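Note sheet for the following structure.
We just call them A, B, C and D in the order they show up, numbering each chain from 1.
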Amino acid sequence: MAPRSELPAHTSCYDHFVSYGETDTMGVLYYAEYLHIFERARSFFIRGHGMSYAEVERRGIILPVREASCRYRAPVRFDDEIHVLTGISEWKRVSIRFAYEVWNKDRTVLHATGMTEHASVGPDGKPVRVPDWLKSLFEAD
Amino acid sequence: MAPRSELPAHTSCYDHFVSYGETDTMGVLYYAEYLHIFERARSFFIRGHGMSYAEVERRGIILPVREASCRYRAPVRFDDEIHVLTGISEWKRVSIRFAYEVWNKDRTVLHATGMTEHASVGPDGKPVRVPDWLKSLFEAD
Amino acid sequence: MAPRSELPAHTSCYDHFVSYGETDTMGVLYYAEYLHIFERARSFFIRGHGMSYAEVERRGIILPVREASCRYRAPVRFDDEIHVLTGISEWKRVSIRFAYEVWNKDRTVLHATGMTEHASVGPDGKPVRVPDWLKSLFEAD
Amino acid sequence: MAPRSELPAHTSCYDHFVSYGETDTMGVLYYAEYLHIFERARSFFIRGHGMSYAEVERRGIILPVREASCRYRAPVRFDDEIHVLTGISEWKRVSIRFAYEVWNKDRTVLHATGMTEHASVGPDGKPVRVPDWLKSLFEAD
């Protein structure tokens, strides 16, 4: 039986081919590269909701990463096509948490799961409440 | 009062200058780069105990990362010199866990803490007990 | 007047959004990242001709990079969408040369030009003549 | 007979251990990583002359890369220790050129040669003459 996704609703699916430069001597996607790919998947999620992260910043909300983690379950290899499911798993007052699942193209192998927690800060670096427009935007279908 | 390290004994201290290529548009060390630096600090720890990780692999023990996480507390900037304290925080039967602390040069700012958990596997990819020689090696002063 | 492409015919166009992790403290795409993107554009070119580079290797032809260069003309920023035109500019007996042009989305700004020269080697690392099937494949429309 | 260096006088030698994250599926140092290492070697050269590149920027001189190239002669592998010889091969009115040689530890194998050309620009991005203090600094023994 294939693993089931435990992500929230409203996820996006970012499609990615693994490059040579992302792999290592073991012939697999290097562990730090998952965090680069999570960032790409996150930006893709935001663009899919009609806004770029650059535009979010221009509106005065910066979302620096406070914590990140990844659990590596099955290696990914050069030229593999992966699907990165991305959604927001938690809304707090001054932070949000993204969750990620890295699947093979057929959705039969769950390669990795991960999360990133982001503070919501203003241009001065001080915490600010996650604005309603952001929440509305990201929760739209 | 400066923060105190919570690492185990037998830590090593890896010294690193942050390069341009490791920073991002926010002017700070990019979040995925911490995992690259953890790997460098880990190899430095192993070399400090008289063996290279390449030699560990030649002896038939591969230590692939099963989980990694990092908590980002205070940003690091281009050309900052950082000290990465590294030690083994947990020995299990078929895995080990490294812990990391990223400090400024003066040891007054704790920039980040992190961990990586490694399976102990043989050349065929199957789990094997962490060998005694590895434990003795890493626990030596 | 917009700059004109000097690439050969049979080019492909790889579409790329610049991520945070690819930028640096100056707020621009870091110079080494162009070579990563060239690799992605190259793989895209090969896939566009009906084969993956992984399959080329399985057929016994490895194309390691012997030389690479890039001329940086106008910076690219976070979240910019770029078009990377890619083609083969030169066929030699035991090597091939790819040429790249990095354009903005509107094709009004030529951000960078570059090239990579690849040896044609067999599984044993020895030079082999570029096979006809590879040439036919890459020169097809 | 070992190859001879063709670098200018006043070179520095940057010592580097190749990490897993810098290698690729072929088991060798990935071609784009040489440019990262050139940057580290360049910063090391500047620090060796008593100033950091960050300080050069604070004095109003920015040295963005206009062109970079690398010739790959012999692969480097995980955990190899390499010596990167670095010097300035050319001073022009509004630009300087660094040259690099990547050697094995014994200086018997020349793994790669490369160069980077840097514009000299002010904080407004406009070209400025390379200042005398910079030239004096970099040419000191």
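Rule of thumb we're sticking to: a contact is a pair of C-beta atoms (placed from the backbone, for glycine too) under 8 Å apart; a residue touches a chain by one contact, two chains touch by 3 or more.
Keep in mind it's a predicted model, so treat the numbers as computed, not measured.
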item	value
Pair joined by the larger number of C-beta contacts - C-D, B-C	C-D
Farthest-lying chain, centroid of Cα atoms versus that of subunit D	A
Whole-Å gap between the CA centroids of subunit B and subunit D	27
Where subunit B and subunit C are represented by their mean Cα positions, the distance between them in whole Å	35
Intercentroid distance (Cα basis), subunit D paired with subunit C, Å	24
Of all residues in subunit D, the ones touching two or more other chains	20-21, 26, 32, 35-36, 39, 78
Parts of subunit C lying in touch with subunit B, wherever the complex brings them together	20-21, 23-27, 30, 32, 77-78
Parts of subunit C lying in touch with subunit D, wherever the complex brings them together	26, 31-33, 35-36, 39, 62, 64-72, 75, 116
Touching residues (chain side subunit B, partner subunit D) in the complex	17, 19-21, 35-36, 39-40, 43, 47, 52-54, 78-79
